[in-house]
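What follows is a set of structures for review.
Here come two complexes built around chain A, the first alongside chain B, the second alongside chain C.
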Partner chain A sequence: MIDADSTHLWMHFWAIATAATVSAGCALVGSFLVVRRLTLLGDAISHAVLPGIVLAVLAGGRPGGAGVFLGAVVAGLVTVWLTNLLGTHAGLAEDAGAGVAFTTLFAIGVVLVSALAARVDIDPGCVLYGILELVPFDTVPILGLEVPRALLAAATVLVVLVIGAVVCWKELVFTAFDPAAARAAGLPVGVISAGLLVATSLATVASFEAVGAILVVAMLAVPAAAAELLVRRFQVMLVVAVGLGVAGSILGYLAAWRFNTNAAGMIAVVLGIEYVVAALVAPGDGIVARVVSRESLRWRVACEDRLASLWRAEEGDAAALAPRTLLGRLAQARLVFWGRIGRGSAGGLTDIGREEARVIVRSHRLWEAWLGRHVALPLDHLHPPAEWIEHHLGAEVRGRIAADLEGHEGDPHGRDIPSEEFPRRAADEPAR
Partner chain B sequence: MVDDPFPAAWIPPYNTLVVAAGVASVGFAAGVVGCFAVLRRRALAGDAAAHATLLGVGLAFLLGGGRRDLPLLLAGALSTAIAALLGLVLIGRWTRTRDDAATAIVLGVSFGAGITLLSGISARGIPGSAGLEQFLLGHTAGLTAADATILGVMSLLAVGIVALFLKESTLVAFDPLFAAASGWPVTLIDYALVVLVAVMVVVGLPAAGAVLVTALVVIPPVTARQWTDSVGVMLPLAGIFGLVAALSGVAVSSAVPRMPTGPLVVIAASILLTISLLIAPRRGGLARWLQARRTVAAWADGRLLEVALRLDSDGPFTREQLLAKAPGVAADSAFKRLVRSAALEPVVTRAGTDAWRLAVWGRELAAERSRRVAAWTEVLEAAREDARGHLTIDVPSPEAILGAARMKAIRESAAAERGAGEARPGQPGQPGQPGQPGGGAGG
Partner chain C sequence: MTMSTTSAGLEFHDVTVAYGRRPVLWNVDLTVPGACLFGIIGPNGAGKSTLLKAALGLVPLAGGEVRILGAPLEQVRGRVGYVPQRESVDWDFPVTVTDVVLMGTYARLGWLRRPGPRERSLAAECLDRVGLADVADRQIGRLSGGQQQRVFLARALAQEADVYFLDEPMAGVDARSQERIFRVLAELRAEGRLVVIVHHDLRSAGDWFDAVALIDMRLVATGPVAEVLTPENLRRTYAGRLDLLDEIGRAVAEGGRTP
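The block that comes next holds the complex of A and B.
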């Protein structure tokens, strides 16, 4: 329910601003993780910062304070170290190692939270899915404005991340796309990777209060992966990822407000929808683009096959069979509509249709003739490849094949190869 | 009052017993099925499926009209878990997104959807919705005997399926290419295994919760792997570790109020893993450390002997002289062993307060060691020569195996034989000198 009270609107504004800031930082870091195939480490770190935060709070740190950030970064690095340790010493694959390390650390965190609930001001639920709705109630005054503490922390982290990305831009991109070459060029790849992990920990802990441990994974991975589908250049991808993250946070919060449910969860859902849309409409190899190009090819092949079969019917004595499949009938209708085939039940080729059909049959027979001359294939094996390639040969290739076949008239089955330039009725010449 | 031989306090209530048995079989089955998840590197796909179960629990709750009927909720959980796996497959097939990001996307988004649904349900105050959050981190206290029986039966079914298709799944887990080439339906078996993992994740929900149940599937197999190299041993061992972890987690959580079960189960499993990583034979940290120590000690002993042999040719030597010529790790303790050996089989004999001589046995040992070193040097030299021609010869050098002396004897006898049968016709072009044994082996 939407309340017109201006205090309420301010509350929502702050919550949205926090979510958007957090999301922007996560999308920024997440883009690097996604292109470096380190998303799972982001997953692991986001789970594992919990015990670090709890211990830091126990040691007297305030939620959102520097001590808590330090604790979380240390916990994040410990996870990565543990994963590597399990990999080298216990011979575990990376996924199993990460699975062991982060579940254990997360479990320790949850047990600490549950056991010390009285001393630690952390809600076990908040650990998992955040309390974005309550963020505006914990504020610090800045320039006379009551700014949420979580927003302040998230904004600080975002600024640090952006500065870090700009300063180390060249090194980060080089390492992300070609670590071996970067190492050979003398870059400290290990330090850069560690820096990326620290950045992930920072982004995670800044998001922790707002969206909780697990939904951070969605904020890290989803906008970046969606942006990767949409664009090719990495700079553009970063901008798009941040844009998608911010848009998803705003829309998600509004949707959660409208349907009265958890905001962080809804943000993840909206991000998921963004990803699905990106996968569908991505230019070039999006699902829609792929389906369209595949279907349009099938469609063209069906039309051309129909034309060619009518041409062969005119050439010989037998009448062409009526199309049986749905696609064949649709192709027939389309050819009639565009004036390639005459109307009526016994509609034959029109002049334009005959022209197009001739080229296809020419491609087909040229290919058969060429195969017959250069490849030792039995006669009855020439047709299938020609049937496939007839739809793909251009005028230039046809010309080169014809030049190669100079002096050899007809295809291997003894039929005439229609000429390239001059339209002539196949029926005018005897087929044999 | 008659003495009761079994005071009531000592018999756990029937319900508790059944729940314990159910949880135990869940832990066992999760360990067994998890072995294949770990071997096939599907651990995190299982995690994504686990996070998706929450959505199914919420949907089933709404569909069932607000009844908290465990089989119904679990059926819902299973359907969304499988949908999540399907989502992973679809992303892999239709987009450029790589596996790791796909897992994170499915995990994060489906968990977000689950949280959204559950929060929506509880915000609307639908009766009976209070307990749904227990699926998040696991809580076995509310299980009835009937629920536990269902969990136990499903677990045993899962174990039964694994046992039935043990050969097929082992083959696919270890050599999918060979399995495909032999005509096994690898993709089908793979999908079946993943679905089985999803089933175990769902069955494990009440014990460990959506967020952590993947640990029940991953950690026990990893633990079992430390102890054995054989699948036949690994499966039951993982089952037993899972059983122990699940039972102890449930037991501790029932003793501590307001403590979710899941984290305790995970911590129990991790403790078992840590112990195994330390003390498992051959792979464990302790075994490795001992092995390393033994290797270093043997090397130091040998080196000391070699130096002693050289010094001994000039008469008695002192400890100082010996250690100055053979510095390095563990030289000091090696000297102590050398001296201590004097009591049993004298390697060195005392020739003064700090003057030593090699005994007969010691001299033989030292000679044997230098012979071996020389032989290995020869082998390595030969290997270097092979490498010089950028050749990879899969036939080992015969000298390396037989030793130079036997090789020489064989060569001589062969030459003698050839000399005897020189007039034999039919092989006039054969070279008279066996000049290149390595090259000749290939022909």
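The block that comes next holds the complex of A and C.
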């Protein structure tokens, strides 16, 4: 149900702008957390800031004001400190320590909110799920424009985060990659790490009102993790992560509007979908890329096996049987199409096909000969490994194997190994 | 830059290192001369890496003092290069080989300044020196173990230091990389620099190092290879595990008393 009323459109615009700004800041900080494998700590901080916010509001801070930010940052640092304390003095593993510290702090926050509901203007539901839809109703005037207070806070934090990242770029990256070497080189690793934790607290508290405690974690972790799958350089990863975060916020909000559901929840769902898509299409390690690579190998092997069996038939070993499997028939059709095998029922190897087939059979027999010489394997065990490796030998390694076998003519089964070059005269054959 | 000949390259004065309250390295008193390849050798858990980290200020000293080039570490940080163990970092980190080598120039650049043409050409030179010029733009996760180790060495070279500390640079490294690494280290020595290497393989120690220290929770012996790697010293280092130090260490950690 899209309402054409311009006031309504403005409301939606402000809500989307707030979500996108919040998401950009979270993706920026989240990228550093993800590459440092500290995502869980981001999770912990995002929950643990709650009691800090509640206490700051109790002490008279305005929601979204500087006092509340300070309370949240302190609470975030207390979490980290508690986690370390539990680790070094109670002997808890870091993840268990963080689990204990942040759930306890979060629970204290929830208890405080419920107990002091009358005195504190915080709704426990909002704490968990955010109130993105209500953000446009609490505004401050800026240059004659009624700007949502939450957007102002998020934009301020975003600017601070971007400046911090630019100023400390070298130190942040070196510390993230190799903290010990960075420290040995004299970089202030402790300050940088603490700064990242403060940044996480800031990004979290700026997001709190809009998306709530649970979904902040999605904004911190998911776009950054998706970007890490997609690109190979950290600078690019930051840009992609921010882009994914902003896009997810816009699409998620629009989808929530369309389906009339919770905006923050929908944004997190869209971010999750973005991650799945990234995992599918990631170059190299992506699911699609792996399937394509596996299938194209299977396809190549089928074609090469077909060529080799026709070559052996010509050699007089046995008649080549017609391919029986679907893949075998497809391979046959492809080889005919590309002119490796002649058309018609009698179709044997063409000149090009014979050339390629010879190289495969050569690879096969070279490998059998090499195994026979260097690996203690019974004669009848040589064929299967050669069937496998024949598809993976290149010209250079074939030359090295041939040089290694110098003087040992023929494969272990007594057959000739075809030459690398097109056979002219046997005496012309180069050593490599 | 060459080192002053009046002071030793590296001195440990009665250095004790403890993790928590438990001492893992006891009263090491060791002087390493300048401009040589110096091996720190000992069994697993002997505290070799800990000794290196103590020199670099990466672990706090429970007692004693370290001097590098005759001065406390803080005064000579910029002249010290470090090659950590290869497994100490996450090689899936999204950076290229050149990015990592450039990190060697970061401390010298200071805040806000980015690596410029001078740093880039220095990085290319260092990569060439370790034989990795052709993989300069590759993501580090796609290198072999030996190549990764050489990337670390190139990063240390980019620091243009006078004293180098290397932690197990030959561990899990192919023969070709080992040879290349060793050749570069020998060049550094020829240029008048000190190279201190933690090493686990006794057999190759004699071929590589000018002098060594045998360590097993305490300094067993130090000096030229031929004098130190004697059957008696090796027995004391490898076979004669001092259960005594272990036992006392545990008692110190627990605040109790040994039986």
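Convention: the second predicted complex is superposed on the first by the 366 of 432 C-alpha atoms of A that agree within 3 Å, B and C clash if a C-alpha of one lies under 4 Å from a C-alpha of the other, contacts with A are read in each partner's own complex, and residues count from 1 in each chain.
Just so it is clear, a contact is a pair of C-beta atoms (placed from the backbone, for glycine too) under 8 Å apart; a residue touches a chain by one contact, two chains touch by 3 or more.
All figures in this text were calculated on a predicted structure; none of them were measured in a lab.
Undergrad: Once chain A of both complexes is superposed, is A:K170 in touch with chain B (first), chain C (second), both, or neither?
TA: A:K170 sits against chain C, while chain B stays out of touch.
Undergrad: Once the shared chain is lined up, is A:A264 touching chain B (first), chain C (second), both, or neither of them?
TA: first
Undergrad: Between chain B (first) and chain C (second), which, if any, makes contact with A:E228: first, second, both or neither?
TA: both
Undergrad: In the superposed arrangement, does A:A185 touch chain B (first), chain C (second), both or neither?
TA: In the superposed model, A:A185 contacts chain C only, not chain B.
Undergrad: So, does A:L377 touch the first partner chain B, the second partner chain C, both, or neither?
TA: The answer is neither, since A:L377 touches no partner chain.
Undergrad: Would you check which partner chain A:L330 touches, where first means chain B only, second means chain C only, and both and neither mean what they say?
TA: So A:L330 meets neither chain B nor chain C here.
Undergrad: For chain A, which side has the bigger count of touched residues, chain B or chain C?
TA: Touching more residues of chain A than the other partner does is B.
Undergrad: Report for A:R37: first if it touches chain B alone, second if chain C alone, otherwise both or neither.
TA: Both: A:R37 reaches chain B and chain C.
Undergrad: For chain A, which residues lie in the overlap of the chain B contacts and the chain C contacts?
TA: Dual-contact residues (chain A): 37, 228.
Undergrad: Would you mind writing out the residues of chain A in touch with chain C in their complex?
TA: So the residues of chain A in touch with chain C come to 35, 37, 88, 167-171, 173-174, 176-178, 180-187, 228, 231-234, 236-237.
Undergrad: Which stretch or stretches of chain A touch chain B in the complex?
TA: Result: residues 34, 37-40, 42-43, 86, 89-93, 95-96, 98-100, 103-104, 106-111, 114-115, 117, 124-125, 128-129, 214-222, 224-225, 228-229, 256, 259-262, 264-269, 271-272, 275, 279, 282, 285, 287, 290 of chain A touch chain B.
Undergrad: Sort out for me which residues of chain B touch chain A in the complex.
TA: 38, 41-44, 47, 51, 91, 94-98, 100-105, 107-120, 123-124, 133, 136-137, 211-212, 214-215, 218-219, 222, 225-226, 256, 258-260, 262-264, 266-267, 270, 273, 277, 283, 285
Undergrad: Provide the residue numbers of chain C that touch chain A in the complex, in ascending order.
TA: Contacts found on chain C: 20, 53, 56-58, 77-78, 80, 82-84, 88-90, 93-96, 99-100, 103-104, 106-107, 109, 111-112, 114, 139, 155, 159, 165.
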